[in-house]
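One chain, chain A, links the two complexes that follow: it is found with chain B in the first and with chain C in the second.
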Partner chain A sequence: MARRALRAVAQYGAVLFAAVCLNFALPRLAPGDVIDYLFPPEQSGAITAEQRAAVLDEFGLDQPVPVQFQRYLAGLARGDLLLSVRYGRPVRDLLAERIGWTFLLVGSALVVSTVLGTVLGYRSAWRRGTPGDAGILSTAMLVDSMPPFFVGMLLLLLFSVELGWLPTFGAQPTTTTTGAAFLVEVGKRLLLPFATLTLASIGPVYLVARSALVSELGEDYILMAEAKGLSPRQVRRHAERNALLPVSTIALIELGTLVGGAAVVETVFSYPGLGRLIYESVLARDYPVLQGAFLLLAAGVILANLVNDLLYPVLDPRVRR
Partner chain B sequence: MSVTPAARPAQWRPPGLTLGVTGAGLIALLVAAALFAPLLASHDPTVPTGLPFEPPSGAHPLGTNDVGEDLWAQLLYGTRISLVIALVSALVAVTIGLAVALVAGYYRGKVETVSMRIVDLALAFPFLVLVIVLAAFLGRGLLTTIVVIGAVIWARPARVLRSQVLEARESGHVVAARAMGASGPRIMGRHILPRVAPLTAAQFVRAANVSVLLEASLAFLGLGDPTRVSWGTILHFANARNAFLTDAWRWWALPPGLALTVAVVGFAFLGYAVEERADPRLTRGARRPVRPAARPPEVVDRGPGEPALKVRDLTVQYATGNSPMTAVEKVSLTVPRGRIVGLVGESGSGKTTLAMALLGLTRPPARVVSGDVRVAGRDVGRARPSLLATLRGREVALIPQSAMNALNPAYPAHRQIAEAAALTRAGPHAAARATELLELVGIPRPRHRAFPHELSGGMRQRVVIAMALANNPSLLVADEPVTGLDVVTQARIVELLLGLRERFGMAMLLISHDLPLTATVADDVLVMYAGRVVEQGPTSRVTTAPAHPYTRQLLQASPRLHGPHAPLAGIEGEMPDPFDPPPGCRFHPRCPDAFDRCRGADPPLLDLGDGQRAACLLYDS
Partner chain C sequence: MQVRVLRAVLCVALAVGLLTPPASAQDAQPTTLRIALNGYENNLTPFTISFGAIPNTHDLVMLVYDSLFWSQVKDDPEPWLAEAAEPNEDFTEWTVTLREGVAWHDGQPLTARDVKFSFEYYLAQEGASGRYAHHVSDVPPFAGAEVLDDRTVRLSFSGPAPAFEIMPGADLPIIPQHVWENVTDPRLASDTLPVGSGPFKLVEMVPDQLYRFEANEDYFLGAPTVDVLEMPIVKDPAAAFAALRTGEVGHVTRNVPPELVEQFADDPEIEIAEGTKFESTQLYFNARKPPLADARLRHAISLAVDSQAVVDTVLLGHGSPGLPTFVHPDSPWALPEAEPAYDPATAEELLDEAGYARGPDGSRQAPDGTPLRFSVLVSSFEPQDLRAVQLIAAQLEPLGVGLVPEVLDPATLRERRSAPPGEIPTYDAYVSTLEAHAHVDPDALYYFFHSPGNKGFGGAITGYTNPRFDQLAEEATTAQPSDRRRLAGQMQELLAAENPTIVLWYREGQYAYRPADYDGWVSDFGHGIFTKRSFLPAYAEQSGAGEPARSPDDTAPSPASGGAGAGALVLLGSLTARGSGLLARRKNRSPAVGGDG
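For the complex of A and B:
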């Protein structure tokens, strides 16, 4: 058990390190001069030689690459993520302001799409081949095929522009409200981006849950459960317990997809999370922010994977030692 | 003869063909639009040819955007770029994925462990974020987009194709080629690649499906090739330039969004269909039986003289493609209370299908066509599902074939037995009963709470036996209870079964392919061949004076420990094809004593005296 945990920590640590290396290498491998990534694009033509030398010195860019890497790692360890070229503020502060909203959005969408997708998938598998199953299956495939930002646009048009029921942008009210009223306002603004993301990620969970339960229902232990006289409900519980294994795997993969999806969905709804920040940084060529956001999201997903790996033995006794 | 109400087997029609045709149609439509864009659109998509925000008109079928560019032309030319990027990125991804799958699946060992771990992590990585960051740094361009998308989504095809490579690797002719010294690359190219090809095609379509969406997302975020128009860039400008504040979105944002949906649906449907072709396991049928519409009242006949099991003229068929396949044909048998009856036959003779029918566990595509089964006088075929469940475990219990796999891997042994025992008693008593049973079958107390994977094959077998006995059944159906165990364990399990039977006074139907083993324990023996009972009678009669030529050959084919030495003889020929059984006696093609009538007439079971009966025309005077 402890060995397993240690191995998981080492493996995910290696992945995190790979992400860090990629982050270090990107501006250096990308076409053009590293300096260009540290200034706002409109200024990069007008940098004086002195400014250039000063920046080179400040960031140690005139040093050999290993030394640069060392300084970079040391900076990361202190939580130092450079300055935003657009805002002139530390990237760390920008990320800290935004991450809460993305956490709320992605977290709620992940929980709801996993639970709802599993329930529907199990239901479908149990009734496999009936019109009800075929109906849910084809709906899931269709919903899965709609680009999330397009779904978001349509929802925005319908509920905010045409019907005027919900606000069109932001995450919290512009006027000062407190207490329950504030939470209602936050909920209203969360609803559409949350619904969009949930629709975007429920399809794969549903399909995996459905096929996992179908395959468990064909196992020998189900036959035995029936033969010993268990009621259909009890038999179903046996199968559902084991079908949770692939479901937990797909939920994690969906987390990765959701974090990416947040980038486009937050853009559509002008939701002030990390995704929107990434979009703004792409438009403003604010590379330090882009790097910081990438590193933060990658670390978050890797951490979630690690936790899942450590909790996996609870689900599957076969890997317990 | 009573006939069970015809339960219509749940026909799961693989939706593959319809979906495939629909998907291919949608993609073909888009490809045509892309190819004939210059003919269909009269304007250059990137040059202003009208006033800003013109509504749809004859000159501009979809109107113009904020700078007066023709939106219809943009949509058509955008189709070109979106499709090209999707298909080429998919090609890149599948090529990388296939290469990784081949190397990992073929060389196994460390190479496989490491590369699959990387694949797993790549799968969980937030790849859209990675794509965005990579594209932002590497600059906007067609080639960058393609390379970035391909390099990021290769992991899924790699994972799926690897398992297929593993399967192909173990197939007969690949093993043979390896044994003959063919080189790795040669085997991969000539033997494995062709087998993986169908699934690779399916993965290509899936990858195209993902690529279309990724490209659109990138372009929507302003990371597309700035010199070319794609669906995503149209949507980007529509969103960035506030098309939603006016009605302009109707012809500006809606058409490219719908085109995207059409493309993704098309690829998804096509992918599903191709995948189904490549892997027929996906089309397995429904497991839950469809409930028969009407049900005649159940007849309960519970006299003390009623045998533990009485089967009359039972016929079970499998619904297959064109004509049904008969697995059990008009079988009748009786197990008196407290007696052991052996049912012997080769694999494929219908033994297990029969055993399932005895517990009312026949599942589509199998179906009880006619005849009836009475357990302690209760009609299994006509019992309502709720009643059937109460019959199982209490009146009739089963030790299934491959009992070693019959335990749920997620629960400890004790819990699984207690669960069964709790059907007839309160919780604490059920737990006590489970402990008692586990001791009875010889599992030491410290192992009671072990998980199935922590127990040896023999121990799991004992747990399953304990589970079957939890509610004192009057009949135990044991389907090959010792197959797959080593000889010493076999003997112990048989001994255990006999002891328990004595103790609980159950009747037992012992199903086995092993006639000598059955003969040592059974009071009566039935011999099955190709779904029919060919001989039955008291064990002593059947083994010392076998009447049916098949029984004789079966005895000669088994080694003897006692009595005079006799040469072992195999049985010539093979079991008949169940889809196309020979006319007349099913055994005649392999029978040394066959004569003309055997090829035409179905032999009935003929009474030979002393309870022995044989279905052979040799005795038809």
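For the complex of A and C:
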């Protein structure tokens, strides 16, 4: 038991370290550098060597790469994520400001798309071959094939511009509101990006849930259960529980897709989350922000994996030993 | 009984209503205007801005700060913080007299010491001063300042600075000494709210979400016409214009995309104001890389480009065709007789003469056998640029010259167009857009087209090299204004003959707003309508006065409190064409009547 736990910790540790290294290397492999972004485009070709040197020095970017790496690791050990070049502020503060919004958006979309996708998938599986199944199936394929920014724009045009029900931008009201009114405003602004993201990720969950249940239904134990006279409800409980394993795996994979999709959706709806921060930091080659944000995401996904690993035995008694 | 009481109350209310002047009724309820801004700029100090809101960055900063003069787009800018500025004989010294009674937002007086400090600080903090640095280090090179009294300062330069009132006078934000003197790392001073002297105080900033400004009631040109400015950051253009349509914002700082202009023209609640920001989009050749180093080849290509067709197709007509002389036609420095040059027949002849023969497939080759086939780098964020390159490629095909667009993300594009000092970059051509700064700064021709030289700037952008041009440019930086105009004209003639760039278009500025939310917009020459003058009573009041002025040459009457001549303000009157009494009506929510956009 202890050996297994130790092995798990070592495994996760190795993955985390690999993520730390990649986070440092990947942004630096992209062409272009942050200096260009601190000047308007018309002058980016006109920065004097002294100006360039002064800025690089300020952010420690004139140091050799190994020294930069050392500083980065030392900073991480202290919990210090360095300064954003573009914002001139600690990366930690930037991430702290945004993580909540992304957590709210991605979290709600993950829960709803998983639950709804599973329910619909099971429904389809039970009625496979019927027009109802075909209808849900083709709708799910259609929605899944539309890019999130397109879905977002359609929802925005329909619900904000044409119907006027929901605000078009932001995560919170511009005027100061408090208490319940504030929560209502936040909810109204969450609705469209949340719906976009949910639609963008519901497809795969639905498809996996459907096919998992379909294949469970073909198993011998189902035949056995039916033969021994269990009620349809009881048969269903057996089959659906066993079909949950692939669903939990796909939900985890979807988490990564959701975070990527959030970058697009947050940009369309001017939502101040992590995805938009990453997107803009990539454009500006703001290395410290990218390092910090990717590390946070990697840690999040690794944590989710861990939770999933722990959850597996609960879902499936066969993997308990 | 109750009725009688009610009637008495009503009478009193009516009497109070009649006795109260409308102005104070207005004071009672603060007016808020919400504007969708296209990007976040930290805490809006000259050292912390990151150009996310370009081309509105400078106007945004200047809501909070002031310069000695305003604005840089005229060769005769209006005195602003300064009351007057007198040069010495050879223009190496300027004695600036400040306006009386100007205070910083925190109540401290703005004095000559702040002006001296500002110049010294920008120079000392060259790395952080970014876009403003070259106004003290280079054009003109600042040598020192002497405070003569509270309101007078003498600034000296190590060379003649004939254009001091424009650059740096009308561009450099003056900063408070008491705030900055102990700041050693201004680029990192992005957490505190800025202290300026401008018409608005920034009172709240939520990163990437919102700025909230409150009017500086004690502003030296009168209390601003809007009490609270809320500026949510809306990055996505489609979302920003959707918010305008729903009425969530009263203005969007972005230029209205050509395809939306028609739609807004039909919307009775939205109006479109025109006002150029002096934008130009051009194709830059790598003038140091053969065969494009040959001016005859570049000239022939430019003659085969029909920029009017580009404007009609790509901008749906909302712009004017590029001029071979580069400078924006409305700039005070533009060569008046410049015209678009389109002459494909001459282009053919030129290439034949220069030895660019046609191969078997009809495409031309350089004398050394290199095919005339060039890649053009285009930013993935500018679909219009891509469309333009595709169109030009089709126009050049009969000439036997091939253009292939290559779409890159902006940072990669910048990397590709640069090269270490002394080396020639490898690109053939790229497309990029310039703003007012490049067309109104009389030294801009120097930065863009001088061969690599002692100013550090030269040659970095196009690689164009011509000793004759260099000589003209060097002479112009220190020449008297009248000579300068002549020299600038000669430089433009050279550019028209040798074409280091092809200007594709000068985009027309079209800015949409909801008149019911705010109607005091001033189309400020070279700024569009999102600029501080739109919120100053002396200018905003005139905008509704039905002033028919629309052409850049019309001069507005001097504002009552604005010191000397207002320069050429293009007023919105002609666009709105709707009577007077604007300030009193700006809260009127009824739909606009008769606007013709």
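Here is the rule we go by: the second predicted complex is superposed on the first by the 264 of 321 C-alpha atoms of A that agree within 3 Å, B and C clash if a C-alpha of one lies under 4 Å from a C-alpha of the other, contacts with A are read in each partner's own complex, and residues count from 1 in each chain.
Note that in this section a contact is a pair of C-beta atoms (placed from the backbone, for glycine too) under 8 Å apart; a residue touches a chain by one contact, two chains touch by 3 or more.
This structure is a prediction, so every number in the text was calculated from the model and none was measured.
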| item | value |
| --- | --- |
| Touched partner set for A:270, first chain B, second chain C, both or neither | second |
| Which of chain B and chain C A:283 touches, first, second, both or neither | both |
| Partner chain(s) touched by A:64 [first = chain B, second = chain C, both, neither] | neither |
| First (chain B), second (chain C), both or neither touched by A:157 | both |
| First (chain B), second (chain C), both or neither touched by A:30 | both |
| Which superposed partner A:167 touches (first chain B, second chain C, both, neither) | second |
| Partner chain in contact with A:89 - chain B first, chain C second, else both or neither | second |
| Which of chain B and chain C A:179 touches, first, second, both or neither | neither |
| Touching partner for A:97 - first (chain B), second (chain C), both, neither | second |
| Per-residue contact with chain A, leading partner among chain C and chain B | B |
| Shared chain A contacts, counted only where both chain B and chain C touch the same residue | 30-31, 37, 153, 156-157, 161, 267-268, 283, 285 |
| Contact footprint of chain A on chain B as seen in their complex | 10-12, 15, 117, 121, 123-134, 136-139, 209, 213, 216-217, 220-223, 235, 239, 244, 249, 253, 257, 260-261, 264-265, 268-269, 272, 282, 284-288, 359, 361, 385-386, 389-394, 397-398, 400, 402-403, 405-411, 419-420, 423, 451, 453, 464, 467-468, 470-471 |
| In the complex, chain A residues that touch chain B | 11-12, 15, 26-27, 29-31, 37, 126-130, 134, 138, 141-142, 144-150, 153-154, 156-157, 161, 211, 214, 217-221, 223-232, 234, 238, 241-242, 252-253, 255-257, 259-261, 263-264, 267-268, 278-279, 281-283, 285, 287, 290-291, 293-294, 297-298, 301, 305, 316-318, 320 |
| Complex interface listing, chain C residues touching chain A | 34, 36, 42, 48, 50-52, 54, 57, 126-128, 130-131, 133-134, 137, 185, 187-191, 206-210, 212, 230, 232-236, 238-240, 242-243, 245-246, 248, 409-418, 421, 432-435, 437-438, 447, 456-457, 460-461 |
| Residue ranges of chain A touching chain C (in the complex, touch as defined) | 30-33, 36-46, 48-51, 53-55, 57-58, 83, 86-89, 94, 97, 153, 156-157, 160-161, 164, 167-172, 174-175, 267-270, 272, 276-277, 280, 283-285 |
